[in-house]
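For reference, the structure is listed below as structure tokens.
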Amino acid sequence: MYDFAPFIDSYTSYLNAHFSPFWAGLISMVSLGVALLLFYAVLGLYLVYAERKVCAQMQNRMGPNRVGPMGLFQTIADLIKLLLKELIYIRNADSFLFNIAPFIVIVASIMAIGSIPFARGLQAVDLNIGVLYILAISSMGVIGVLIAGWASNSKYSVIGAMRSGAQVISYELSVGLALLCAITFAGSMQLSEIIASQQDGWWIFKGHIPAFVAFVIYLIAGTAETNRGPFDLAEAESELTAGFHTEYSGIKFAFFFLAEYMNMFVIAALATTLFLGGWLPFHLYNFTAFNTVMDYIPPVFWFFGKTAFVIYVMMWFKWTFPRLRIDQLLALEWKYLLPISLLNLLLISFLTLMQWHF
Amino acid sequence: MEETLLDIDLKDREEYIINMGPQHPSTHGVLRFETCLQGEMVKYIIPHCGYIHRGIEKMSESLSYPQLVHLTDRMDYLSAHMNNEAVALCVEKAMEVEVTDRVKYIRTILAELSRIASHQLWWSAFGMDLGALTTFFYGLRDRERILDIFEETTGTRLIQTFITPGGLMNDVHPNFQKRVREFVTYFRKKLPEYNQLLTGNVIFQERTKGIGYMSKEVAISYGVTGPSGRGSGFHCDIRKLAPYSAYPFVKFNEITATEGDTFARYWVRMQEMSESLDIIDQLVDNIPQGDYMLALKAIKAPKGEFYHSVETARGELGVFIVSDGGPNPARIKYRTPNFSNLFVINKIAAGHKIADLVAISGSLDLVIPDIDR
Amino acid sequence: MNIEQLTAWVTALVPDQKPGVSKQFAECIVPAGQLHQLCKDLRDNRNTQMDYLFCETAVDRKDGFHMVYHMKSTILQHTLVIRVILTDKINPEVVSVSDLWHGAEFFEREIFDLFGIRFTNHPDLRRLFLEEDWVGYPLRKDYKDSFTLER
Amino acid sequence: MALLTTFREVGTYFREIYSGVASLVRGMRVTGGYFVRPQTVTQRYPENRKELKMFDNFKGELILVHDEQNHHKCNVCNTCMRKCPNGSIEVISKKIEGADGRSKKVLDKYIYHLDMCTFCGICVSVCDEHALKFDQEFEHAVFDRSKLVKQLNLPGSISQKEANNE
């Protein structure tokens, strides 16, 4: 039920029947690219909207409510404004690097969503090293951040970029180790197989406490990797005005802004896929009536529902906690998260070895 | 220190200078910290002020006493009532008159309300400085209720010009007592929320404890008063040392802490809020009847010099009037709390990280117009 | 110590002091030359312990600039006002007390800025509020500019 | 003994983590509580213009009170002009021939500089005739500064005294 594979197959076979293999390949790639870009833009805009509404509600405010019903078109209006704004060029800035930095950041986040499985058969590429690919690509964004900070020729930007570098390099470890836990359980790095391994229960339930610990660590480290509060030191508003993107304006600023939200989406989507069963519905053990009802909800809704929940938790963090200081940030990683995740990985390996997980 | 920063040969290329302000999210107003950094560490800070210098002392020389009161609102705009009260009390002391008990009670209630309002705004902004963005809205949400009380009685929300030599501009609104009582019950319920959200938070405690240590000697030598000074164990509460208005009639504690760090200053302010609620509680039900304004022929200080200080939300505000006997002062000097509180920053923030500088300057609770006047 | 005792104490240190006008605090007018030594004695002596200079300001009077120092002991809770009259109105100069009380450094910078009184031995005597190239000292009575509201 | 210390240290390590996480959860309960039970305190301003009622004492802008017959109470004593700390009031008088043939001083123009006013309220409190009042109007934004200079006496209005004499 709700399998996208036949639809996609019929599309490719249609292309193959009517065009030469070269053109068929090209057209399918272009249509895929357009679809992903559209998805990217719409999702990015509505994540911004969602964040504004969530924080408004937490802060006893209304949030956007002017443009469109309930302010639904507010972020689109903002985007148009940002597109029309002047791009400010900084004297003495390294203009090549300055201009390329936002593209590196945004390309990294676009490429990461390419291999996320949204539903059965709805995945651009199902790499056999899917997790590694996403991890590698999404950490490329920090290069863009570093370049942006360096090329801006601004002291605030440099401090922000250096902080970001230190932060991402350290937290990459915890993210990797936490993901490794799920990979150990599933025995594969292919995302579709990881989902298939959760057919009889999500890893967060099947993996006892260590899986839950790994999930929490992943959530914290993932939040840190996206440079979001309470780990938003790179753009610490009260210290560095806007950190690494202080000097950017117009659409280039929008790229950074969108990339932040899309990175958050990627982190949440990965958490969903690895720990929360991806697009699989929620099943109660042997409770067939309930399970059948759950099956009727399309996998796309399951996937986006779970992702939205994880994103909500990350927003909840941001709008509650004060920001850490740089040394505390690193201490949290090296003194707490890393030892715990190493220990956790050891436990999980043992569990898997003994087949003690459900 | 004769050389300015531009003259310093930056032989050590690791050092560089950034400007915090005059337009910077963490300096609440137009103040510039010329900050020398080495990596993330602050080496020294040179505060530059004067961006909002309006010459209030000079202007006041050509205004009569009731007229110059309205300028004091614009110094420390968050303790407008206390500033007005300082001038009013100093002029009354010079004229050797005493206002009715009703006026004293109302003045004290208004002063304590604005102390709470000021601390609420400080709490909001302090949370913001540390990156907890939600505190700002909670603080302002509760402060709004105090401003409503002020607006109903005085007609304005921030700069009231309500307390004037000889009494008050007009009598309080009939709803005043009811609304104040409502507010006290409301805010007693909301105050624990502040502590849950920020005070107890482990990140917040890590960010503030042991940061920006100021010893008692330093506080006294620099003249750091108010909650900032009391956080270092400096007993400087004018309300206790030289009680004025209705403070002799109420029981309250002077909140002091001995740690002297950012958290101590924070803690003192949080305690002061509930202490102020207690003071209001004792006064609001017993406001005596009487006139709100003394029938004075002319408000003129006799020849001589007069000094009076009050405790504003930020410390000791002293008013020094030199009078030649006319309706205008020959010279009026405001010893403002923020002026003295500001300059200790180099002493206590040097050697910390730049993020701590933001926390420390937030914990000193600076209002810039009060420094520049 | 009460007002009489404080005045007597200052008289013992500076015999040619004159009583001031204040009825509120003990007040002594002392010669400029003896100011620093007197302040140091007052701060360090066990009986006075004036550790807190809460207000330092200047007043432009007919007989010269009056420097007024309000000092207080936070331990003994007594207040004393020391006054120095600087008769030279063109180039007033007085010794700085910023080495005794840190807070004085900034009071003195403000006074230098607005009155033009120079403080010797001051570590960092620059203008505080006004621009470096501002002409004149606004709080002097003879200061005139086009903005002052005259009535 | 050393082992015991190590155990204690490990215990403190985990206790620290526990208490830290607990404090974070406590904070999240506050914000999460408001998310679940929204209590919006902000208002939609231009939409709620009709319901928006300022307090009686609200100092919006200065007005000269006029009654139904277009009579005001100003008797040109100039006290408000003298007492205003910012010079935002200009009372311009004119001499007219009264009914009894003697020339009298009456109000010609009452000019109020809203751009200079600091809303201290001294003018209202010193007016013995209670001729002045603060209005509830608070939307003062204009594009041209000169629009902030207002004439408070309505066209054709006369003072009550004048009206009584006639």
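By written order: A, B, C and D. Residues from 1 in each chain.
By our rule, a residue touches a chain if its C-beta (ideal position, glycine included) is under 8 Å from a C-beta of that chain, and two chains touch if they have at least 3 such contacts.
Owing to the predicted nature of the structure, the values given are computational and were not obtained by experimental measurement.
Chain nearest the geometric middle of the protein is B, using mean C-alpha positions.
The chain pair with the larger count of C-beta pairs in contact, out of A-D and B-D, is B-D.
Computed from the mean C-alpha positions, the centre of chain A lies at a distance of 49 Å from the centre of chain D. Between the CA-based centres of chain C and chain D the separation comes to 41 Å, rounded to the whole angstrom. Chain geometry summary: the mean Cα position of chain A and that of chain C are 64 Å apart. Centroids of chain B and chain D (each the mean of its C-alpha atoms) stand 23 Å apart. Each of residues 24, 27, 30-31, 41 in chain D touches at least two other chains. For chain B, the set of residues that touch two or more other chains comprises 134, 141, 197-198, 201, 203. Chain contacts: chain C has residues 149 touching two or more partner chains. Within the complex formed with chain D, the residues of chain B that make contact are 63-64, 66-71, 134, 141, 144, 148, 151-156, 159, 161, 169-170, 173, 193, 196-198, 200-203, 205.
Interface residues of chain D facing chain B in the complex, by the touch rule stated above, are 19-21, 23-24, 26-27, 29-31, 41, 54-59, 83, 85, 118-122, 125, 134.
Contact residues on chain B toward chain A in their complex (touch as defined above): 16, 18, 24-26, 37, 40, 127-134, 136-138, 141, 197-198, 201, 203-204, 206-207, 353-358.
The touching residues of chain A, counted against chain B in their complex, run 55, 58-61, 155-156, 159, 229-230, 232-233, 236-241, 318-328. Those residues of chain B lying in contact with chain C across their complex are 1-2, 49-50, 53, 55, 57-59, 62, 93, 217-218, 220-223, 225, 234-236, 241, 304-307, 309, 316, 318, 320, 322, 330-331, 333, 335, 339-340, 342-344, 347, 372.
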